[in-house]
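Please go over the structures that come below.
Across the two complexes that follow, chain A remains constant while its partner is chain B and subsequently chain C.
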Partner chain A sequence: MKYLFLVWSGLWRRRTRTILTLLSAVVAFFLFGMLEGVDSSIKQLVGIAHLDRLYTANTALLPLPMAYLPEIEKMPGVTSVTYVNAGLGSYQRPANQVAIFAVDPARYFAMIPEVVTTGDAKAAMLQDRLNVVVARPLAKKFGWTPGSRIVLHVPAMPRKDGTADWPVVIAGFCDYTTAPDTPVVLLNFDYFDAARLKDRGTVQRFAVKIRDPAQAGTVSAAIDALFVNSPAATQTETEKAFAQASISQIGDIDFLVDAIVGAVFFTLLLLVGNSLMQSFRERIREFAILKTIGFRDGTVAGLVIGEALLLCGLAGVIGLGLARLALPGLGRASGGLFPAYLSASVVAAGVGCVLVVSFVSALAPAWKAHRLAIVDALVAH
Partner chain B sequence: MLKQSFAILEVLLGAIGQRLGSSLVTIVGIAGVVGVLVSMLAMAQGFQHTLVATGRADRAIILSKGAPNESSSNLSHDVAITLGDSGGIEKGSDGKPIVSREMLVQLRAPRRDGTLGVVTVRGIESGAIRLRPEIRLVQGRLFHPGLHELIVGRALQTQFPSLQPGASIILQGSPWAIVGSFASAGDAHESEMMGDAAGLSSAYHRTGFQSVTVALKSPAALAQLKASLESNTSLAAEAQREDLYYAARSLVIIRVLTGIGLLVGGIMALGAVFASLNTMYAAVASQASLIATLRAIGFNSFAVSVAVLSEALLLGVAGAVLGALLAALFFNGHALGMASNQAQIFYVIQITPRLALTGVGWALAIGILGGLFPAIRAARLPLAEALRAL
Partner chain C sequence: MSSGIELRNVVKTYGRGRARVEVLNGLTLAIAAGDFLALMGPSGSGKTTLLNLIGGLNRPDKGEVWAAATRINQLSGGELADWRARHIGFIFQFYNLMPMLTAARNIELPLLLTPLGRDERRKRIATVLDIVGLSARAAHKPSQLSGGEQQRVAIARALVADPEILVCDEPTGDLDRRTADEILSLLQLLNKRGKTIVMVTHDARAAEYATHTVHMDKGVLLPERIAA
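So, the complex of A and B:
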């Protein structure tokens, strides 16, 4: 600590160079935070998957008859079943995206604990078919209050009357605790089913809660065996497998992020290393003087490493801080359809990068500072 | 004056060896920007080309009314049969309309990395081959209608090691043999498997179809087909020109990929501008006395600026070339999968000269931003001070 002032003033000896190097490094850490933030936010969806929850659907997403419900419920090991039809829609303008889930409220709220309703929203939704429960951020964004009458446009859910416009009444709010920004609207399945254009009496997907997560494979196979010879054969998988499959469909995100972050940090390494080397060359005489007045070799090398740590640390804090501020905006720009925030693991990886870049880039100048012979240095410079 | 600029540039470049480190950093930094930008844009373009190539103006795809895409479309067997008699459809030499009723099923199969991927199997009728002359077998033979046989698309084959001619897969509990592989002019169908629609329908207990694709008498005959569909509302079906349908499918992904490319490239470019500024300020500082001397003996200060800026631009171009080469080295021919509906479209990335030129354009912009202020400083260098330092 007592050398902090020395390190600090060494860093600011060439103001322009340090500021420019710092800004480049800030850009690198900002980019790192943004890319890894998005990547880990998406991956986190796999991590939070419930181990005791299975999804049963047709592989070609053909509608499944409601008649499957009692069959699945009867299966040994199954504790409860709910069902859902999901579709993307919009409110007023196409850009105002909402995710509509047509659900049976009694079954849904009993089985999906991560959706927490506030007040009497649940009871109100049960009371009237037109009542919907909406995610709190969504209600705030559009100024919806309980009792508001709105119309949602849902092209994926065409109606018998030839439109895709669903008039609904806001019953109350919910918090989707695992993905708070998802623009969820929970619609009464009965209302949806009665008014839909086609496929009445069918569902997209069953969610199945099982007693023992270890039995997931057995129960899945048993469910699929039930329907293998029916018009819509099923594929049952764990929520985790479901999440993984959905993510891998988006594309090779990992590869992209790794390639870009790799290129960025390789450049940063060269940049900081070069800046430190320049700075070292200019100050050979000063280092020699420090050694003359009694600084040990290790201390002088430490000063060089300290400067690198300070520079990269500062850049890391600013860059990741900016990413922390910008990420929620990015999530909102996607309409809340994918979450984006800076997780602790990304911050930890960022700290790791600060250390690696600092030490590797300071290696050469620190070594030279360590080896510096006072006499040679003072004579030559 | 140009001569003066050249002379100064020669001096600056001659001294580049003394500043090799920082010049290299600038080049590598710009190479990074160009590499990332060019790769992302190539991904977007490749996806666009693949999807756009799938459709033709003289074909139309008919889906159920309101269906946003093929996989969520559902046409009953009777409707699909009736659709073939609509107006505007080209007839073959046998006098029958050239149509293909198609149904889709999806299955999961292990990808190269061992994870499970979604594979689309397209059930087609014999008319499909006449309708799509671009499809040709590259290995094995065509499936026989009525038998449990499939053919696999060339792009899909490279991504799923288990889906090779000679292998067999289990559909609905019974084995289906893969008897051949096909190419389709590099379009989206190469990411699918194909089999006999009737056989697949019976295996999956299905009666309907997802889509009916028809050959149009001419691109203009689409209006006739549309009118014919509208006059029979009981069909509840809509026709779109096939090329427009596929172009619309690619829009979102292209926007996202291009957006990411520009955003990430832009942020990296900002970093590269800082690196370039650093290098060029260092260049001016290290050659300060020399520049001052030249100006003292009558060199134009504008010529000095031009020379400094030229060096920044040269570094930029060098970076752009390096970046484009690296992108080509790593990504040219790299097969990539992008989501389209539920399945993925696989395509090969091509770094085209045009994309490389875009990269050079960006590099020049970075060079100008990074060289301008140092160039101005060089021109304004206080002569007396700079010379005193000698």
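So, the complex of A and C:
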């Protein structure tokens, strides 16, 4: 720590250059935090997927007949089955996005424990088909209270009356514990099925709870084998595989994030390395003086590395700090569909990047500082 | 006599192949502890090379260099750095202060290599600033100081770790006469307090402050102070 003032003063020898380099590095770490934050949040969602739940859907991405339900329920190893039709909608304006899940309240709440609601709300949904349960943050955002009558516009769910507007009544709230900001609206499936324009008596997918997660492969294969020769063949997969497949529809997020972050950090490496090299060249005499005084070669090289660490560390703290502030805003801007926060693993990866960029960019100037011959440097500079 | 200096048959050559130039040619010299030696001679005579060997900044190709009871030409790079930190104070013509650091911080640099704590370092800095008469300028950066003041800071930096030997390379070469006299008086005072001083100078008046003067030419000493 006693060398800190020396490192600090060296860093600010050329104030403008240091500020510009710092700003570039801050932007790089901000981008890293944002991209990795989103990526890691998505991965976490996939990671917490229940291993004892399977999803059965049509191999041709068409609906499945409701008649499959009792067939699946009878399969060995299956404990319960529910079904869902999902679609994106909006409230009042297209920007106010909501995720509509048409569900059987009794079956759904029994199988999906991460969606927590009150008994009153469940009962109300069962009593009146117009009643819906909405995510608490969504209700708070739009000022919905129990009994509020609202209309949801869901283009993916056209009605028999020629509109896509679904009038509903707020019955209560739920907490989606694994993704609290998801703007969920749980719609009564019977209401949906009765009012929809087409595909009545079908479901988008079945959710199947199994007794033993180790048997997921066997049960999946058995379900698919049951319907293999039917007009609507099925594909059954674990919830985790289903989540991954859904996300991969957006694109290979991992690859995109890694490619962008890689390019950004490679550029940063060159930038910081160039800045440190310039700074070293300008201060050759000063480093020679330090050696003259008695600073060892390794200590002088350490000062150069210290400057890189301080610069990148400062940029890392500011950049990741800004990303931490901005990520919840990104989540909110997507209507909560895209949960994003800075996890501990992303911060740890950020610290790793700080260390790698610092050491790699400081390698050449630190080596030169180490090798610097005092007399030659004093004569030449 | 631990702070005495002795060079025995020292040869130092620069360059490669045919372009080699022999700067010191079998030089032998003894400087007693507590001496104030002025090294004079024309440019290229080898004065600075000799000073660099005494200060452990360079190594001879042949011969032995003893200083502060250590044969320094046998030390490794790291050992030599440690030795310099303990035994040698350097004063240069152009002061060589760190421009971003205050006078006090510049003076503190050699103390960073000691196990001294922050408070003790501060006390030492205050003491040497008092010795060089710059107590009021501790917080000033080199650009805010005159040439003479900068050289005083450099002297304070050279003194602060209490080395036995001060190596001065034309310490007054960049100063006006009056300021140069002040600096030389200060060096004389330090010598009287026990420091061994070796000073390279072109200035005959500066050499008058030394207790002895040696002249060099073409890498050899003119015959007046050759060790027995």
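Just so it is clear, the second predicted complex is superposed on the first by the 378 of 381 C-alpha atoms of A that agree within 3 Å, B and C clash if a C-alpha of one lies under 4 Å from a C-alpha of the other, contacts with A are read in each partner's own complex, and residues count from 1 in each chain.
We adopt the following convention: contacts are C-beta pairs under 8 Å (C-beta built on N, C-alpha and C of every residue); 3 or more make two chains touch, one makes a residue touch a chain.
As the structure is a computational prediction, the values presented were derived from the model and not from experiment.
After superposition on chain A, the partners chain B and chain C are seen to fit next to each other with no clash.
Contacts of A:295 after superposition: chain C is touched, whereas chain B is not reached. Note on chain A: of its two partners chain C and chain B, the one contacting more of its residues is B. Once chain A of one complex is fitted onto chain A of the other, the partner contacts of A:31 are limited to chain B, with no touch recorded for chain C. After overlaying the two complexes on the shared chain, residue contacts for A:266 are found with chain B alone; chain C is out of touch. Residue contacts after overlaying the shared chain place A:155 against chain B, while chain C stays out of touching range.
Touch criterion met: A:229 reaches chain B, while chain C stays clear of it. With both structures placed on the common chain, the touch criterion links A:23 to chain B but leaves chain C unconnected. When the two complexes are overlaid on their common chain A, residue A:278 makes contact with chain B while staying clear of chain C. Of the two partner chains placed by superposition, only chain B is touched by A:197; chain C is not. In the superposed model, A:164 makes contact with chain B only, not with chain C.
Across the superposed structures, the minimum distance from chain B to chain C, using CA atoms, reads 14 Å. Within chain A, no residue touches chain B in one complex and chain C in the other.
Across the complex, chain A meets chain C through its residues 2-3, 5-6, 9-10, 12-13, 285-286, 289-298, 374-375, 378. Contacts from chain B toward chain A in the complex involve residues 21-22, 24-25, 28-29, 32, 35-36, 39, 65-66, 68, 71-72, 74, 104-108, 115-118, 172-173, 204-206, 264, 267-268, 270-272, 274-275, 277-278, 281-282, 330, 336-339, 342-344. Within the complex formed with chain B, the residues of chain A that make contact are 16-17, 20-21, 23-24, 27-28, 30-31, 34-35, 59-62, 155-156, 158, 164, 197-198, 228-233, 235, 241, 244-245, 248-252, 259-260, 263-264, 266-268, 270-271, 273-275, 277-278. Against chain A, in their complex, chain C makes its touches with residues 52, 55, 57-58, 77-78, 81-86, 88, 90, 92, 96, 98-101, 105, 109-110, 112-113, 118, 157.
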